[in-house]
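Here come two complexes built around subunit A, the first alongside subunit B, the second alongside subunit C.
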Partner chain A sequence: MRRLALLLLILVEAGCVSGAWPRGSVEHDGLPPQKPPSAGENLAIIVNRDNPVDNLSTAELRRIFLGARGHWTSGRRITIVMMEPGQPERTAILRQICQMSESEFSNHFLHGLFTGEVLVSPKTLASPVGVREFVFNVPGAIGYLRVSNVDSSVKIVRIDEHLPNEKGYPFHVPAPAAK
Partner chain B sequence: MYRPRQLNSMNKQSKFLAGKVGRHRPGAVEGSGSFSRYSSALLLFLVFCVVIIVGIVVILDVRSTGVEAQKMYAGSVLGLHRIGDLQYSAQETRRSTFYALSTNDSNLQVKYADQSREADHLVIEGVSEYLREAKSPVEMEVGKRLQNDWSAYLKVRDEVLASILEGSTKEAVDLDLKDGVTLFDRVREDLEAIERLYDEQASQRLANVAASSRRAMIRLVGVLGIALVFAIASVWAIQRSRMQSAIQLARLQMEFVASVSHELRTPLTVISSAADNIADGLVEGKEEIKNYGSAIRSQSHQMTELVNEILLFAATKDRKNAYILRPLKVSDLVDSTLVRTSELVKSAGFTVDVQVDAELPNVVGDMSALSQCLQNLLINAVKYSGRSRWIGIRAFVSDSEVHKGKKVCIAVQDRGIGIDSSELPHIFEPFYRSAAVTAEQIHGTGLGLSLSKTIAEAMGGDLSVVSELEVGSVFTLHLQITEEHKLPVASAASGPGATVEK
Partner chain C sequence: MNFCVLQLSNSFLSVKANRSRPLAQGLLFLLGLLVVAPIVCAQQPGETPGSDKETMQLLLKRISLLEAKVKKVDELEARIKELEAVKSQLAPAEKTAVPAQPTVASENESESAGERAMSERMDVSKTLLRIRGFGDVNLHGDTQKGDTTAFTLGQLNLFVTSDISEKFKFLSEIIFEGGPDNIYGITRGENNTFSVDVERYLVQYSYNDYLNISAGRWHTAIGYYNTAYHHSTWFQTTTGRPFLFDFEDRGGILPIHTVGVSASGSIPSGRLGLHYVAEVGNGRASRSPLNQEPVQNVIDEQNHKAYNLALFARPEAIRGLQVGFSAYRDLLAPANSPKIGETILAAHAVFIRPQFEWLNEALVDRHSVFGTSQVFNTPGFYSQVSKQFGSYRPYFRYQYVNAANTEPIFPDVRLRHGPSVGLRYDASESVALKLQYDYTALRGQAATNGLALQVGFTF
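What follows is the complex of A and B.
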């Protein structure tokens, strides 16, 4: 069993390498090409428009993203939507919400799934558009996007009563370090 | 060349000679000929109109049928396209959902979900368009039903898609089998119902086109039949008119021959009897022979004048005659005519009342011909005066638009039997004699008035008549006034003048 877990871990790591951020620039019909994360930008936590949840605390969010909470208060199953490993947004979320590295996050889910502590595993999408479409299609989905990638098809959730454009909002993608 | 000297002597018998004229030539019955021409033209015009109407009706029918056929084609093709698009989009919506079911890749699942939504939008748009253009209640009902069923299916589809994307494949399949299949079957039935409606509409339009085509055919046959009837009627009427003209001409010729024969027989009988008596030695003494000679000469003159009249008419109608047109004094013309008819008038016991306005302008004409013309009118007045023994002659200037400006008029009036209004249009036709005149055995050939009118028209004038039965008649000769500065006044006997061929 441990061997299988290790194999999965290796595969996840390999996906991390192959899923570097250029894949995130996949264009989608009707939307402008994604601009590279040249500057720091806030990350919006998004849910389906039919989801009645408007506000989440950072702690609740952490529980959700770590798979500790399986259902919304409405009874809908929670589906976590993540971008592929290596994406700055994912890295930022892991660091700022989960307070984990990529490998720690992978290990957490592998372990949790084996032990049954984790109820849902995250869905991985290659592009912000894919994330947005997924959240639009699945009523219980929750994901994250740069604010500039958000449109009216999804709903932004307040975090600790803050919207991404408000002061004190906790999540953002840092600007890439100059080479 | 017209030779007046040959007609100068008018004797007692000349009253029967006035207008008793010569030979017939084809087409001489101008009145009936012109009537025939007018009726032919009218009938041909009617045929032309009918043909035009037929053409218009045929064009309209062909156009109408064409429009109907185009409508049918457009309706059917559009309907087939629409129903085909709807069916395809509905299938595509469901197919894309199944594609999403067939993979675990969330990116592909999202892509298929997106495709499914695009397809369902097309269905929604198609149904809305169908409802916008629906006219009958049945179409509206089917369209609304499809709209509702499609909405119901989409709710299930959304749930299925959500389950697929969540990774709950079994749940998605169960949901689709439970509700999706049923609802999609309903949608399919609705689409089939719409297709049936399109089929019915196409059949209806096809029937309309067929009916329109049938109507057009019947109408075409009908109007062609009418045109044919009109054409046949025209030909028949023209032929009938010509035949009647020919019959009338033949009848008039027979009457003319009989009349002339009668007129010739009387002097011939006198001459023959006189010759017999002389030959048989029954005439004795110089005085008696002188009387016989005088009678023979008188009858010979009468025959000569008759023959001359006939030749004159023939020459006039053959346009071989030529008139010498000169300025003439109206008083000279009237006086000349009175002198030539004085013996006839006197012997018949008539009073002639002559009124010639003072200072009348000169007229243009041939003295002999115009005198002959007036003489005919006077002789007719004597012949048809009945018990009245009065004739009026009046010369005056008239200015009427009917006769194109100022003219000198010489009217010859009698208080005789008059002419019936139905006869008036025909009295100037050659050979024409009214039934009443024939019945009263008033001799004549029916050429006098025709000859007079021809002469008047040859002088640039006209001859008109006003008459009332049992009251009398007025024949008026309208003559052109001389333009003095162009035509110097000449004596009636000689001098150069313009010549008009007639």
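What follows is the complex of A and C.
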């Protein structure tokens, strides 16, 4: 019996050390608990903290990400920040907001620049840290990040009145398919 | 030493033999073991004064080697400092251009620096000049009398843009094209020489989404096709423009280019998505001989200016739909004949999605001769439909233009209509192969059959 108790104690301790056992959740800025990057989670639309916009409709967001809307209501030019092709966040944005494939998206912007209707092509950054820093530094920037990658340096915009941690929020990065 | 080991062995054996003795005896043994062990280790055999000397020499040799290495490291450090000083002198502007980093986001400084460098490299908008190229090569043959089957170099288009500032932008299309010009049926130039045309040349001021002002030379906002495809065949599904929208120097009937000032933007209209374009410019040349440049780039023949107003809607409810209307007004002054008022009314309804397109445009070009009751209406339309199947996009177009035989501005056009059918194959994201068959019926002449093979590309 004593041996059994000892074995149990060892197992519990081992679980805590390796991180397999939950040891409480960390929350910041009212956001949901962080998840490992590999898991599926909601995508937050972020803008510079000085941007007065708090809410955007899905249709407005689509117009912004396709370059059809080039200015904020303040008159400042909108700068779209995208992650590199192949990143799951970018794929989700193209599918859920732009409703386009990667090649359709690049053709759309090339054509838009050619006709003069699109003022500027999106900035492409490699990592969530880069996106966050760019949005922090550029007042007219808009981008997207997994909720777990957002911190207080940027501002999350409500989409159709929903925050990423609320029910009915539309944008989500699916979990990678199990091998 | 041998004695000690023996003594230990005896103690061990005695402990092993008397298991019933108290625990204190075992602890005593362990303590003894700990005390004796260093003594055992200290009395290793074979340690002589001669070996100490060798060790000393080895150590001295090792020290001198290490000193040499330290000297080398010092030299390298000095060299690095030197190079850094040179670098900072060469690029002081780069350092100041780096924006302040947020303290909250500085999790990994080296990663941030890498990101910044990468973002600067990838940030194409920060460069002063961006150039995109378009081109095409064709093989064309038809049954028209006098025509031969030939390989033809199409337009080599350098599309140049630059962000002058947040509000100002420059845009131009510089075209290298071969062959003679064809202006209302009159040819000029040699068959196989190349010439350079600046087809678009615009400086744009963007105040907000509702007001953009442009000055320079642009494609007149008549209908849809003229402002959607410009001089690139790669963007177009077909091998070329509908003849209604042919360029002025390729036999076209419309004032495709205008030099002047324009305003454009969206109109607050909610989900209707209304937009406007208002243009004022020199209009087309009419007084000078017809084999002269039809676009008045530098000097206008008269003080009267051409005006164009276009309105179109892109309703949110039907993604890809655009319907619009435009009205163009100009006064033409041909030499040795009365002035002619020109009015062009155009309407379009297009539905474009990545996998499907349906373009429909109709217009009438009205010429009224001053001082007479003569009015010449030239109607025209085209309809084009295509659908993408993987890399293949079959398409069909029917086009029609009907100008009177006595039309004072373009007497050579007359009636021409007919279908075109073709297949576009996207060999890669930047290269398209097209095969197109055209049948064109002409008033007073035999109909022509044409076959064209084109490779269009962007680079």
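The working rule: the second predicted complex is superposed on the first by the 142 of 179 C-alpha atoms of A that agree within 3 Å, B and C clash if a C-alpha of one lies under 4 Å from a C-alpha of the other, contacts with A are read in each partner's own complex, and residues count from 1 in each chain.
Here is the rule we use: contacts are C-beta pairs under 8 Å (C-beta built on N, C-alpha and C of every residue); 3 or more make two chains touch, one makes a residue touch a chain.
All values reported here derive from a predicted model rather than from experimental measurement.
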Touching partner for A:His162 - first (subunit B), second (subunit C), both, neither: neither
Touched partner set for A:Leu119, first subunit B, second subunit C, both or neither: second
Superposed model, subunit A: greater residue contact from subunit B or subunit C: C
First (subunit B), second (subunit C), both or neither touched by A:His172: neither
Which of subunit B and subunit C A:Pro139 touches, first, second, both or neither: first
Subunit B versus subunit C as contact partner of A:Arg95, first or second or both or neither: neither
First, second, both or neither for A:Ala59, with subunit B first and subunit C second: second
Touched partner set for A:Gly130, first subunit B, second subunit C, both or neither: both
Subunit B and subunit C contact sites that coincide on subunit A, given as residue numbers: 77, 123-127, 130, 133-134, 137
Subunit B-facing residues of subunit A, complex: 77, 79, 123-127, 130, 133-134, 137-141
Subunit B residues touching subunit A - in the complex, by the definition given at the top: 106-107, 110, 113-114, 158, 161-162, 165-168
Interfacial residue positions of subunit A with respect to subunit C in the complex: 59, 68-71, 75, 77, 99-101, 103-104, 106-107, 110-111, 113-116, 119-121, 123-127, 129-130, 132-134, 136-137, 151-153
In the complex, subunit C residues that touch subunit A: 99-102, 104-105, 107-108, 111-112, 115-116, 118-119, 122-125, 132, 159, 161, 163, 166-167, 169, 171, 202, 204, 206-209, 214, 227-228, 230, 232, 235, 271, 314, 316, 319, 354, 429, 458
